[in-house]
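Across the two complexes that follow, chain A remains constant while its partner is chain B and subsequently chain C.
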Partner chain A sequence: MKKDVLIVGGGITGLSLAWELSCLGIQSILIEKAPFIGGHVSQFACKATQTCQRCGACLLEDYLSKLPRTNNIQMLVGSRIDSFSQAGREFNALIMQRRSGVINEKCDDCGLCEKVCPAEGALFKSPLDSSLHISNEKCLKSKGISCEACAQICPQGAIELEEKNRELEIQSSAIALCTGFTPFDASQKPRLGYQRVPGVLTSLELDSLLRAENFQLPQSSDGLKSIAFIQCVGSRDPKSGANYCSQICCGVSIRLARLIKSRHTETRITIFYMDIQTFEREFDKTLDQTKNDMMFVRSMPSEIRSGEDGRPEIIYHGNDDTKQIVPFDLVILSIGISPRDPDLPGSFPALWKNRDGFIGSEGNDVAAGHPGIFVAGAAKGPKSITGCISQSILAASQIKKYLDRIKRGE
Partner chain B sequence: MIQGSISQVSGFVGNFDVQIHTPTDRYDEMFGFIIAAQPANQQSKTNAFSLTSSDKIYSLSEFKRFLDSGDRLSENNGTWRHIAFFFDLKGSSDISQFETLLSILDRLEIFHQVQPYIFTRDLKVASAGLEARYRYHRQRGVVFFKFDGPDPQIVQNERGCVIEFVEPLLGEKMELTPDWIVLDEILGPPIDLDPLLKMIPSAPAFAPYLQPESTRFNGAETPKAGVYAVGPARGVFDNESLKADIDAVMVSVLKTLPELSRITEREAAFVDKTKCAFCLTCIRLCPHGAIGFHSRPEVDPLSCKMCGICILECPMGAIQTRSNNADVLEVDSNLFSNGAKTGESGRIKLLVCSRSGLQAAGKINQTLLSDVEICALPCAGSLDPNSLLKFFLDGADGIIVAGCFKGNCASIYGSTLAEERVTQTSKTLKQAGIDPERLEFIYLAGNTPGRIVEAIARLKSRTDN
Partner chain C sequence: MTRINLNDLDPEFKHKIAEQPGGEGLKACFACKACTAACPIQPLDKRYDPRKIIRMALLGMKKQVLESDFIWLCSSCYGCQEVCPQNVRFTEVMYAIKNLAAREACIPPGLTVQRSLLKRHGRLYEVGDFENDKRLKFGLPPIVEHPEDFEALLPDQSVNNTPNHGATT
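Take a look at the complex of A and B:
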């Protein structure tokens, strides 16, 4: 199959890039490793109170409803580049597509398979359209155990556990890497208690709980609920390998805090931080208003431990040089954006890696270090949703210029 | 390149009539597109600190020019020079200014006997490389003081300036008498955007900027087709974003050029001249500035975003869409990715904006929608209050109208107009003896299906009793 551009990654960057290219009349094929498109944004909740907080999460739905209107885009889920070669200016990528196991056209969402499945989390739903999928990591069958409970019980015959891989060869003149990021692994900072102290969650976990409309405030003995947000977990921290600001976390935490506060006005919210980064217009005014509703403490906690009453306790260096120990009902670690391995075959050309470990150069250009290969979005460095879309537009413009140059034979 | 300013603009994409003022002349010229790329309006903070101008006090950009003009710092043999920088105090500062500050610190490194101090509230490091550069300078001995409580005071006397402050970590009173004080500036939108803002009726919602602060406006686009806001004009001040904005304009112009020649094929609203009473309501209300006046109101097809607000607001009912005259669109079945079908003659009508509510409805389990009929509106702003009454007369149990959250409407105030119409209609229902709570307006986004589910539950609990 011949396409102008091969887009690797079906998150908000890949989707918006495909859309922008399509508007310029450029044909693309988008491959996504996961069984559904949407990437991280599909886990993010809308942060609107009564007013939109401009987090951009709903832009994913916007693109998903626009994309079927064009014939210029083809999408393959469950796919990765298996091998790669180049002849002149033409790239040749062999794509391996893995079937998800559930034939969604046949599935009527009766829920029987989920009831009989012995492996927790092996059957999971896309947060986007609730379509059902089988996790290759968690399914017993893929671990070599002969379990076919789901396939046997499905009245629609919608589950096919037989692994059916499909290979597809794609020629393209350009490749765009939109492979996104890895959320910082908070367990790398054991003193912050993640997965050790009950009541400590990451901002991403809180976000997806809110998205799934599953979030409930924990019960508190004195009736007053308190939540702490800890900023810069895995950001601005050379010791954990991140000598950079993740750029999005101040906006994420403050938006989440405002959302919770608007729903549960009695909640006490404290934000522990180093420096608050601007994320909206008229920031003096909006930050002042927010500071009326919650407490801001300029201090990075040294430890989070389980208190005597079972609630998490934050220990930090407070004002006037004193040690403070404060209990909270819930502690949210505002985790940063870490680089992600783009999962490319060994035969893929060597790419630039910037100082912070992301693909590409330090600046805002979208060159990836090899002619015809581009990079955009969080794969290139920390970025907000709207930041990713802006860079997709930039990438579309640069890719068009490149394709025009090739056509002219330059 | 012309040295001058624009005083008045009219027209539409592909055909803007621009009045240009030069120092010697005034004339009109036609342009296809207009790009607002003026520099930020920089304001000094000397007044905010109650200072009078002096050769000891510089603004950040002045100090950069001062360094550029020669190395006068090195004239001072044998004694240390102290420079105090004020950043993000008395008004928040921007990433671009922190970048400037870091590049000044880079430059100062060659002078051995210069000690910089940074008095600040929050450092703005949210751009590639800034954190590493900040950390480098801190390790090299630049002193940073961060203030949450009272700002440091600058006292001017005959010998110079004294900074009086409470050292934030230790809580002790301190004084510093630096050789120079450098204040960052307040960055605002360009001051000469008015002629462009005047063309866009929805501009009061986002002025003094030219782009609404909304995720519906990506890149450099404004509500008016063919008018672009680059950098400061849309409230973005750093150089990296500026470069991306310029490419965004190019992409948008490339997308629009072929449309200019296909203009007659486009679906758009049009004004029926036999019905129009020249009240100009449509011109005043079109959020996209898509309606002009040439002996009568005329809709520019390329600028029209098909929101339908003019159709509803026209008191004469003189505006229709070109393709059909229905103000309720068919539901696009593609949007129902889980295959949900809507009840054909539902007891509950769900009127949704096609930019948000339709996607949200597509995520709802179809069993919950079994007796719900979904009608998609191009924008909640095209909601017809008469259709609400008609639905009730035809036997609907309840009606839910769903529009985008405030600040997320692609037509700026479409969902707010819809909410107002629902409130009005509720009053009418009450007078007619119909329970007004059988009609509800909800704000939502494409990813908040729960808000529809809750509204249906509320409605059912009322009508089932």
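Take a look at the complex of A and C:
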């Protein structure tokens, strides 16, 4: 199959890039490793209170509704580049597509399979359209155990566990890497208690909990509700290899805090920070309004431990110059953006890596270090949703220029 | 709040600390207070506050830092170093500061006494006939002092104890 551009990654960057290219009349094919498109943004909640907080989570749904209107884009989910070669200016990628074990047209969402599945998390729902999927990593079948419990119980015959791989050869003139990021693994900082102290969650987990409707905050026995946000977990942290600001976490935490405050006005919110960075235009005004609603403490905790009443306790140095040990009902670690391995075959050309381990140069350009290969979005460095989209627009225009040059034979 | 006279500050002080082995990370501090929150000494003596010592050093408050007695309070537990996200390695910075203080001859009297004991006896406690008689009763060999190595290691040095030390120790 011949296409103009091969887009790797079906998150907000890949989708917006595909749309922008399509507007310029460029044919593209988008491949996504997960069984559904949407990437990280599909887990984010709309953070509107009475008014829109401009978090950008709804922009994904915008693109998803726009994309079927064009014939210039083809999408392949569950796919990765298996092997790669280059002849002159032409890239040749062999795509391996793993078919999801659930045939969504047949599935009527009766839930029987989820009840019998012995492996936790092996059957999961796409956060976008609640379609059911089988995780290739967690399903026992992939570990060589002959379990077919879900396929046997399904009354619709909608589950096929036989592996169906499809290979597809794609020739393209340009490749755009929109492989996104990995959320910082908060368990790398055991002092902050993640996965060790009950009641400590990451901002990403809180976001996806809030996305689910009717989510209620856990409440302690005396009815008191207090939430703490810890900023810069895995950002501005050379010790964990992240000597950069992740740019999004302050905005995420403050929006989440405002959202919770609007739903539960009696909740006391404390934000522990070392330096609030508001990268978006006019966000400083939002911050000023927020300062009356919640407490900002300029102090990083030294430790988060489980208190005697089972609630997490934060040890920090207070503004009054004394050591404070304060229990909270919920502690949210505002995790940063870490670089992600793009999972490319060994024959793929060597790419630039910037100082922090992201793909591309230190500057704002979208070149990836090899002619015809471009990079955009969080794969290039920490970025907000709107930041990813604006870089897609830049990448689309650069790709168009490059394709025009090739056509002219330059 | 004490006033700081800019004319009394030494702008070279932070560079001097950063030149010492272990002092390199000083200038990376973000003042996030994680070190102070982890410090076991700070709740006992408010004058010893890692974050404040770093700020004083960065401001160039050389006299106030080197001539103080609180810099000697560090217990070397390395708690601050563990929690620091910026890799400041504050315990090592404290060694650098204490080395500078010793070179500038600002050592508290307790340490001066220890130094002279070490130089005279080769150990921190004098071993006399009393101890050796007791050892003999238990069938242990007597201890012979060998201060020669320490004499070479610790040359004569005029040590001024600042009035500050005299007042608190």
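In the analysis below, the second predicted complex is superposed on the first by the 397 of 410 C-alpha atoms of A that agree within 3 Å, B and C clash if a C-alpha of one lies under 4 Å from a C-alpha of the other, contacts with A are read in each partner's own complex, and residues count from 1 in each chain.
Just so we're on the same page, contacts are C-beta pairs under 8 Å (C-beta built on N, C-alpha and C of every residue); 3 or more make two chains touch, one makes a residue touch a chain.
Since the model is a prediction, treat every value here as computed from it, not as a measurement.
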- Task: Once the structures are superposed on A, label A:Asp341 by its partner contacts, choosing first (chain B), second (chain C), both or neither.
- Result: neither
- With the two structures laid over each other on chain A, which partner does A:Glu303 touch: chain B (first), chain C (second), both, or neither? second
- Task: Tell me which partner A:Asp275 touches in the superposition: chain B (first), chain C (second), both or neither.
- Result: both
- Task: For A:Lys239, decide between first (touching chain B), second (touching chain C), both and neither.
- Result: second
- Item | Touched chain A residues, chain B compared with chain C | B
- Does the superposition put A:Gln247 against chain B (first), chain C (second), both, or neither? first
- Thinking of the overlay built on chain A, is A:Arg54 touched by chain B (first), by chain C (second), by both, or by neither? first
- If you stack the two complexes on chain A, which partner ends up touching A:Arg191: first (chain B), second (chain C), both, or neither? second
- Query: Of the two partner chains, chain B (first) and chain C (second), which one does A:Glu410 touch, if any: first, second, both, or neither?
  - Reply: neither
- Message: Touch test for A:Thr322: chain B only (first), chain C only (second), both, or neither?
- Response: second
- chain A residues where the chain B and chain C footprints coincide 236, 238, 275, 298, 321
- Task: Under the touch definition given earlier, write down the residues of chain A that touch chain C in their complex.
- Result: 191, 232, 236-240, 274-275, 298-303, 315-317, 321-323
- Task: Spell out the part of chain A that touches chain B in their complex, as residue ranges.
- Result: 16, 20, 23-24, 44-46, 48, 50-52, 54-62, 64-65, 68, 109, 128-131, 211, 213, 236, 238, 243-245, 247, 250, 275-278, 280-281, 283-284, 287, 296, 298, 319-321, 354-356, 362-365, 381, 385-386, 389-391, 393-394, 396-398, 400
- Give every residue of chain C touching chain A within the complex, in rising order. 28, 30-38, 42-43, 46, 49, 51, 79, 82-87
- Query: Which residues of chain B touch chain A in the complex?
  - Reply: 91-92, 94-95, 122-132, 135, 146, 148, 169-171, 209, 213-215, 218-219, 235, 240-241, 243-245, 247-248, 250-251, 254-255, 334-335, 337-338, 355-356, 358-360, 362-363, 365, 404-408, 443, 445-448, 450
